[in-house]
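Next up: some structures, all given as structure tokens.
You will see chain A twice below: alongside chain B first, and alongside chain C after that.
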Partner chain A sequence: MGYLEVEGVAKSFGPVKVLSDVSLALEEGEFVSLLGPSGCGKTTLLRIVAGFEEPDRGTVRLAGTEITAEPPAKRQMGMVFQAYSLFPNMTAEENIRFGLKVRRVDANEQAERARELLELVGLTQHRGKYPHQLSGGQQQRVALARALAIRPLALLLDEPLSALDAKVRVQLREEIRRIQQETKVTTIFVTHDQEEALSISDRVVVMHQGQLSQVGTPAAIYGEPDNIFVARFVGAVAELPAEVVDGREGIVALFGRKVRAARAQGMAAGTRIYFLLRPETVRVGPEGANGGLDGTVAGRTFFGALTSLRIELADGHGSVTAAMPSDKASELAQGTRVSVSWADDAPRILRRE
Partner chain B sequence: MSQAAAAAGTRTGTRPAGFFARSGGALTLIFVGPFLLYVSAFLILPTLMLLATAFSGAHGFTWRYVGELDQAQTLIAFRNSIELSATSALVGLVIGALAAYFVMRPGMPRGLRSLVTTFSAVAANFAGVPLAFAFIATLGSLGVITVWLKSIGIDLYGAGFRLYSILGLVIVYAYFQVPLMIIVITPALEALRKQWREAAENLGASSIDYWRYVGLPILLPSLLSAYILLFGNAFSAYATPYAISSGIVALVPVEISNVLSGNVMLSPQTGAALAFGMILVMVAVMGLYALIARQVGRWARP
Partner chain C sequence: MRKRRRSETGPKIGLLLIGLYFLVPLVSTGAFSFWEGGNRYGLRAYIALVHEQQLWQSLGLSLRLAIETILVGLVILVPAVFWMNLRVQRLRALFDFVSVLPFVVPPIALVAGLTALYRGPSWFVGTANYLVVPYVILALPYTYRALEVGMRALDLRTLTEAAQSVGAGWLSIMFRVIVPNLSTALIGAALLTIAIVMGEFTFANILLFNTFAVYINYIGQTAATEAAALTLLSFLITWLAMLGVLLTGRGQVQIGGAR
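Entry: the complex of A and B
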């Protein structure tokens, strides 16, 4: 049994079904991200856990106690919202003390806890500033400290980085993870940003159309997608249609040629599949080399150390993206004819309906 | 991008901004200029003339008329006007704010809000003789409601109520003060973010805690501004109280009318001195407001 459990939760807003029979269990101290596109139900699920929405069906349990009917104020959960949730009429310190103040905690204890938390989030020197005098990143740090002040049984983060600029996002997400590991608080982090989810989570829950599409470690979600939605949503992937020819040997037919694919072993001959290639598994060589697929460099995107090359496959077979060191990629001008190949165990195989 | 290109980009980028800034300045002058002229002609100039009149006698400068403001009748008029304005503003503030809050609560019928807003826009501007007539016809000594209440055993006038009293005028003023409050406070209520309430709840706050520590302190500057507006609105009202009380309740605007129209005496200087007194009251109220607003709104200052 998990520390924080959601079981059989369903929720509709009018005729729109937002969550369908969702079950999820978090271990104590675990950091789990809910990842998915807009409208997939991740924020609704978080709000049900927080008590701001009532599920139509299902239960929420925390530390062995059912809390489905408990109001948010009684749940002992800290929540950080997207943005602008600090009380504007209170200083950073007063914001942090608020939860303790309404719980009638002794003033000295409030001050001590606020001091600890301001130190934890690195804002001691900004304690007397009002929210509008703080940057977006500082405001979210204060919001995090405020949520932690009540020593929550669970921390709920609702896209807390979405309103920040790219550099601050990266800094703050690392800080969130550091603080979570220091405080060992069980955390649910909602995001639509796969990089964020993969970089700081113990486990990632990919959601799609109100259901859990896949739950797993970041490596499993990225490397072993269970379904085509997860493969497409998490990371870039080339989807090549293929068919299993020999399941015992792991041979598949790809654009009329037989290629080895270790993950196709055990599949019945004739099974229609997606042959999935992540950019970092694609090798690019001279045209005709290694018996790979021929193609032409059709586009490039520079990412600093790496450059992403879009290679149009010959005979209109679609395109493949290859990520390679920028110095090597610079040798391949647009229009260069190349060959793409991969290691036998690189392609991920998914059944194609 | 090369430095040259970047510099070129900057140049082309600043040109339109400069153009719009210049043309914006001209447009501002075209549209705001006439308004400033209008204000100068019909507010500043009359105020200066009023001051000049208040301090002018047959032989030039005099304190006489301003000095007469401490006469008993005048002091009663000021006390009544301030009492009526302060009370009706408070009634408007409380009832208007609560009405606006409950109309805006989630789950209220969609049409209710637009109905209340539309009614408020009309009612806030419905004052003067028609309003006085409406109240005389309903709450006057022979008004419909008065008579009906009497028929069920509630004798308003027997109990001492008079429409032409401060209490009666407060009830009449509520008709336009409450809608005005609804109109001015609605944007401030809308600006209260849902996240503040949820964050407070999440941290363990009750509804009372939320309003005590978050909601009301955030609204306080707006409530103060609204109170000043309502106070000024009541303080300067003339036609409504005159039509209702025919001067029985001494109020400064009615006194000014009396000395200007010559019903009692004709003395433009006394009228100007009374108006000067009204300006002093408003300046004092505004000064008090500025002091309090500075304190309660310190969190919003850069």
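Entry: the complex of A and C
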């Protein structure tokens, strides 16, 4: 049994079904991200956990107690919001002390706790500033400190980084992870940014159309997608239609030629499959190289250390993206004819309906 | 060049004319208030006013009614506008409509309705406190508008939820989070209410209460120069209230608020 559990939760807004039969359990101290496109239900699920929405069906349990009907103020959960949510009439320190003040915690203890938290989020010298005197990143840190001040049983983060600029985002997400590891607070982090989810989570929950599409470690989500939605949503992937020829040997037919795919082993001959290639597993060699698919470099995107090449396959078989060190990629100008290949165990195989 | 000069002088003349339109009656009233008969000018009217017991009584009554009106109006409207903005935004059109009704219903109709309809305890219906009812209605458009603008500038939902998530109840949310962030709107609403109540004549006169405006009217019929002096005084009160609204509104940027 988990520490924070959601069981059989369903929610509709009018005729729109937002969540259908969602169950999820978090261990104590775990950092779990809810990842999915807009409208997948991730924020609604978080708001149900927080108590701001009531589920149509299902239960929420925290530390062994059912809290489905508890109002948010009674749940002992800290929350950080996407929009800047600091109280404009209070300084950073007063914001942090607010939760303790309404609980009538002793003033000395309030001050001590605020000092600890200001230190934890690195804002000690900004304690007397009002929200409008703080940058976006600083405001979200104060919001995090305010949420942690009440020693929450769980910390809920609703896209707290999405209003910040790219550099601050990366800094702050690492800081969130460090603080979570220091405080060991069970955390749910909602995001639509896969890089964010993969980089800081113990486990990632990919959501799609109100359901959990896959739950697993970041490596599993990226490397072993359960279904085509996860494969497409997390990381770039080339999907090539293929068919299993020999399940015992792991041979598949790909554009009329037989290729080896370790992960097709055990599948029945004739099964229609997606043959999935992640950019970093694609090798690019000179045209006509042994066993590769021929193609032409059709586009290049420079990312600094890496460059991504879009290779249009011959005979209209679609395209494959390859990621390679930029110095190597510089030799392959647009229009160069190349051959793409991969290791036998690189392709992921998913059934195609 | 010629065209440009004309475009600059045109508005200036317009402004001057409008300024004169407002200033001439005021200056004349002012001059008249100092007239002591013949060619003599002095402070006699003002001195007489200061010693007039009834003036202070009526001024005190109007100020008390203004304060009561502000309190009753805010106690009703702050939670109502808060709730509408937070939970039932679809009712905004209805709120907007109701808030402008006092402009549509003439005071004379309202007061006729009030005298016919209300039956109640004598401490209420029998005293000047009864005037608070129509005054709250009269001030409704201004109070509502000020609060509505103030609340729309705040992200009410996020602030409320943030407060709830750390354990605050509704009273804490209201008095520690919402009201302090509405100070500009509240001061604006209060000063506008003062300006309205100090100048209100119809209700008080028909319901036979001797408020400041009723007293001005009475003096006007009995002592002409004192009435002029009093009119200037009431203008001054209204102007101070308006100045207060302007200054607090300007202070908003420095006080800070939701960004």
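What we mean here is this: the second predicted complex is superposed on the first by the 353 of 353 C-alpha atoms of A that agree within 3 Å, B and C clash if a C-alpha of one lies under 4 Å from a C-alpha of the other, contacts with A are read in each partner's own complex, and residues count from 1 in each chain.
Note that in this section contacts are C-beta pairs under 8 Å (C-beta built on N, C-alpha and C of every residue); 3 or more make two chains touch, one makes a residue touch a chain.
What you see is a predicted model; the values in this text were computed from it and never measured.
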item	value
Chain A as common anchor, with chain B and chain C clashing or fitting	clash
Touched partner set for A:A322, first chain B, second chain C, both or neither	neither
Which of chain B and chain C A:L293 touches, first, second, both or neither	neither
First (chain B), second (chain C), both or neither touched by A:I311	neither
Partner chain in contact with A:R146 - chain B first, chain C second, else both or neither	both
Shared chain A surface residues [contacts with chain B and with chain C]	50, 52, 71-74, 76-79, 81, 84-89, 98-99, 101-103, 130, 132-133, 143, 146-147, 149-150
Interface residues, chain C side, partner chain A - complex	154-155, 158-159, 161-169, 172, 176-177, 180-181, 256-259
Parts of chain A lying in touch with chain B, wherever the complex brings them together	50, 52, 71-79, 81-82, 84-91, 98-99, 101-103, 130, 132-133, 143, 146-147, 149-150
Chain B residues within the chain A interface of the complex	193, 195-196, 198-206, 209, 213-214, 217-218, 299-300, 302
Touching residues on chain A, where the partner in the complex is chain C	50-52, 71-74, 76-79, 81, 83-89, 98-99, 101-103, 130-133, 143, 146-147, 149-150, 156
